[in-house]
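Look at the two complexes coming up: subunit A is in both, with subunit B in one and subunit C in the other.
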Partner chain A sequence: MRNETFRNPPMSLPLENLAGAAAEERPGDPLMSVRNLRVSFATEDGFFPAVRGVSFDVLPGQCLGIVGESGSGKSVTSLALMGLLPPPPGTIVEGEVHFAGRDLRKLRPEEMRKLCGNEIAMIFQEPMSSLNPAFTIGDQIAEVVRTHENVPARVARARALELLQEVQIAAPERRLDEYPHRLSGGMRQRVMIAIALACRPRMLIADEPTTALDVTVQAQILELLRMLQGEYGMSIMLISHNLGVISEIADDIAVMYAGRIVEQAKAAQLFEKPEHPYTIGLLGAIPTRGKSRLVSIKGRVPDLLSLPPGCPFAPRCPFMVPEICCGTEPPLIAVEPQHSTACYRAPLDQVL
Partner chain B sequence: MSTSAAPLLEAKDLVKTFHLGGPFARSQQEVHAVDGVSFHVDARETLAVVGESGCGKSTLGRLLMRLIEPTSGSIRLEGEELTEKKGRALLPYRRKIQMIFQDPYGSLNPRMTVQDTLADLLRIHGIARGSSAKQRVGELLETVGLPASSAKRYPHEFSGGQRQRIGIARALAVNPQVIVCDEAVSALDVSVQAQIVNLLEDIQVEFGLSYLFISHDLTVVRHMADRVAVMYLGRIVEMGEAESIFEHPRHPYTRALLDVVPVPSATRRPHRTVLKGDIPNPLTPPKGCHFHPRCPFALDRCRVEAPKLVPTGEGLVACHRWQELPSWDHATHVPGDPGGRLERLQARFADGAAVRSYGSRSG
Partner chain C sequence: MTDAVLNSAPVRSGSRIRSRAVRRFLKHRPAVVALCILVVFGLVAIFAPLIAPYDPIKSDFLAIRQPPSALHWMGTDELGRDLLSRLIYGTRTSLMAGVVPVALALAISIPLGLLSGYVGGFLDSVLMRFTDALLAIPFLVLAIALTALLGPGLFNAMLAIGIAAIPIFLRLARGSALAVSKEDYIEAARAGGNSPLRIAFKHVLPNMIPPLFVQATLTVATAIIVEASLSFLGLGQRPPAPSWGSMLNEAQRFLPTLPTMALWPGLAIFIVVMSINIVGDGIRDAMDPRHKS
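Here is the complex of A and B:
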């Protein structure tokens, strides 16, 4: 009975809408295009639907920011794209992932392995857990170079040095022979970025890349990502819980709530004229100057195993009207070109 | 200053030096985690201590709680010297100053129900026993926005935000005057963080509390603080009224911090100074001004002579060149839109804020 909501997914999805809007504005296909992605985890209590139908495009040379709180499904989405879900319990139930014209879900494991690292790379929040403590920085970068390119060790090492210079590590020659524990958190993240850059990927997925870092170091890493994006025309998918961090480099922003995208827009549009009540509440919850009291969204994130009928945000939403909001889940539809929201009450100007 | 005007909590020249390496280690190393820090906290005010990791702000909080012994210096509460008190003599003092930690789960006993944890505390401090303790626990939980019935549950049955509410209830149990909040909202999601920040503000008014608010998050500090102390490698480099620190920061480090705080905004800030490098190793802090290797304004003098905290008219700053620095006019805030669309929409959440929210866990 608990799985009822999951087995009967809402039918309407805004695929045409999204694709249409993107095609109108910009010539050229998106680099990555995700359609109706559903991921669930087998648990003792039934199938836990972590991602419930997510669609988005990442355009060449652009940065898509995905923002959401814990449990919104943002990290699971990125792991699913890279084929890094632990199977079992995690499985992609449905959906399409196209990257540069290829259907990633149809690739064989060897092909996928080649693509990951070569064309799509990923960095994580905790760089120490991605680095091997028993090997030097130089060896670890060189290993990646040699996995993807057939070059002698000497060349790979020279390439590792170049990469460290590129990510602006202080004293790169010395770092080559150092072990990860000798580096600070910021430097480790730079090493991870160097590894990610080893094969000049066309797309970088950065999952909370600055969350554990101090603000000054966070600014350095964001600056570096922005530079890489500009210099190499790399696409970035930046995942963060921090709207401030997202606003530093994202061109487009998708807001996730309870496993779905509830609002998607150009960055400026999202901050100037947000349309989804959750986005509005989230922006109000961030302390800024002159705010006498923070917006407090009542209650908490729903349990995905027993979602309320209708809009998952309805129980916490001040604009909720039971007859409208508690029937079926609202689809993500465009309110303006390049701006969609999953809210029956949008545009919210009408409720003011 | 006369004794009648003694501040609620006062620290003077506090020093904490940690010795690294055991008795048989080849070399003895010292870290000056807190290096001569002085400040005071008045009744009903919030003093925020900000700084990056390793600046000594958490050590400072622990010193005030007497969780660790200061190497030298004094801590006075209502004029009474506390560094000399030990054991039982400290108990009355512990009632007056309490602490909330970053990780509430790590600070709650997983094998004790909330009722047991809080009732123990009330008994030890001789506040209430038996049925009156039970009633008091219920009241405390309701004060922090949890149903009284949640007393029967164990810590693991609560979400992060709810656990932080329990941490706050525990701090409130002994009717303290000062609460040291060590990164109390840092690990929480934005929306939960907002709920806890609002709760902290409400109970501050309700119980007349003072906060020593330790945080690395300048946006929360700007919202909460009356006064701000900025720390760098164990020393306070700037201190003053929050308004003056955020609008007219004097120290290059404070300016650099404010410059890089990510603010969600439609317009990307064009100008910013991103500091180079990391915080230096506290084992071998730079000579002179600790900040000089990263400071764009450093002179030879800064490399040899440590600057003292001097009054600027608005606050205190420890920089040789504070009077010569260019004026600082980077607005760090989102241009407000008072009464605008977004504000009116956000106002609709307000009734939700007044009702202290909690969710019960299903199953």
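Here is the complex of A and C:
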């Protein structure tokens, strides 16, 4: 999944952030590289394998979209990358996470904290509850700036204002001294983005950033993200259950199902020639004008505690052939350059 | 870039006044009236020596158990002491007995509750079983038992009330910290690279305070009653120094002959406790828009 041409070349890399690891980082390398990530949650019924061997690369200045149903493990993946898994039940069982030449799993907690919010920032699904109600917008943005950069309060505040202008909030001077409850959902998500951008991160993880917003605001926020991505030259990992949202800005798309990536491709390839029946199902579920009925995928995500042998999608799959699909789980293999799928029946045009 | 922004835009300093909450509180008429009453009582307590017409502990055996008169507006007690002066000095005791134990309980409960709720684990279990055990005992009974253990006296009574109030606040503080630490903005703070200590004090602490604040106002009222009860039982303020509770205690023997003697301290307790409760309600409504009355 390497791509030699950067659509958005990094314009201003925060050089001070590279100290120590710069030597290991070569141009053209992925900014973040995840290999065989496995995450389990200890539950009363045993180990719940939320993520089962996920590998992907996030290229500098590019957007990777991760799409999947609730429970497919996409949010858990993002939390694992940030080291934010709730510690007692959730653990990374296996796998490697490299960011800018550093092995994130080997970093000490304080090193990880230095990285979080500074080089990797995250925005969440619920803008209504992701801002601290006890502090003004300005204080919250300035706080992040001051956590990671040693600047006086006045400068941090000026930077907060600048950021609010950048995320195109109306009347930014006034918003600085307002508390989050006075802002609408869309405005709060803009503030969240401003907070995420506060330290000019190299990578932004956006976990369902538009899900809680209404459709017109969704489009605005996506447009804003796309614009800022270009401006900051950052990579984005966009997580959504909505392939329509992903298609707006993603360069690469990974489709997750039951804790695994089942299809991975360049965005255009995926839409043009999906090679996994689940992806086809998702594409059928995007509402467009003129489509009279949406196609739904029958059944539901299997219980990860008792996965059937073979392909986890087999019970819901229209192309399923018991002899082929119900033996062992299909591996993710390339069907064409930069396009891989975990389906025994691929390429599907031979099936149809 | 930064300089340009500094010059082009008004950069005011962030005001921390919760103007919205204050405004909502001021709209709550009864609460404002109650607050004024409390301020008056507070001033009376502070300026007691200037206001009181007589020495509150000086006996006058020529004027024993007198009904209200021009000379003694509220009358005198069985030792000829001026009831108005005793009531005024008693305000000090009662208000102090309301505020000091609550402050003590808060000072202990907030850090422990934060620790218990945010960190959790073994410490949380131990602390919560401890509070469960103490909460099983009624507040007044616990306070009486503790005072009996510590010995009578105003200081010990306040200490006992404070200790008896700790489980109430600890449980609330812990629950509040627990609820706040599950909030998305705490997760966001963690994603922003804040250290656990910083998250606990900077992000969890300010947000766990409002329910405690409301509980505090209500417990101040309870503490005043408990102190009055302890004094009534002879466990609180030592005679001859006055407190509303001990005045009631002394008055009970003369209820049939001189009911006014019990009326004044009773009325004072009623008004202050009522006012505090109304103010507490007002604060709760002002701080939490969901509790619209």
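As a working rule, the second predicted complex is superposed on the first by the 316 of 352 C-alpha atoms of A that agree within 3 Å, B and C clash if a C-alpha of one lies under 4 Å from a C-alpha of the other, contacts with A are read in each partner's own complex, and residues count from 1 in each chain.
The definition used in the following text is that a contact is a pair of C-beta atoms (placed from the backbone, for glycine too) under 8 Å apart; a residue touches a chain by one contact, two chains touch by 3 or more.
The model shown is predicted, which means the values in this text are computed figures rather than measured ones.
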{"item": "Fit or clash - subunit C, subunit B, common subunit A", "value": "fit"}
{"item": "Partner chain(s) touched by A:Glu111 [first = subunit B, second = subunit C, both, neither]", "value": "neither"}
{"item": "Partner chain in contact with A:Gly281 - subunit B first, subunit C second, else both or neither", "value": "first"}
{"item": "Contacts of A:Asp349 with subunit B and subunit C, given as first, second, both or neither", "value": "first"}
{"item": "Contacts of A:Ala121 with subunit B and subunit C, given as first, second, both or neither", "value": "second"}
{"item": "Which partner, subunit B or subunit C, touches more subunit A residues", "value": "B"}
{"item": "Partner chain(s) touched by A:Leu84 [first = subunit B, second = subunit C, both, neither]", "value": "second"}
{"item": "Which superposed partner A:Phe271 touches (first subunit B, second subunit C, both, neither)", "value": "first"}
{"item": "Distance in angstrom between the closest Cα atoms of subunit C and subunit B, superposition on A", "value": "7"}
{"item": "In the complex, subunit A residues that touch subunit B", "value": "69-70, 170, 184, 186-187, 214-220, 222-223, 241-248, 267-269, 271-274, 277, 280-291, 293-300, 303, 306, 316, 318-319, 348-349, 352"}
{"item": "In the complex with subunit A, residue positions of subunit C that touch it", "value": "1-2, 5-6, 9-12, 14-15, 20, 183-185, 187-195, 198, 202-203, 206-207"}
{"item": "Residues of subunit B that touch subunit A when the two form their complex", "value": "52-53, 159, 161, 189-195, 197-198, 201, 216, 218-220, 222-224, 246, 256-257, 259-268, 272, 274-279, 332-334, 336, 338, 341-342, 344-346, 348-353, 355, 357, 359, 362"}
{"item": "Footprint of subunit C on subunit A - complex, ascending", "value": "82, 84, 110, 112-118, 121-122, 124, 126, 129-136, 138-139, 143-144, 147-148, 154-155, 157-159, 161-162, 173, 176-177, 179, 192, 195"}
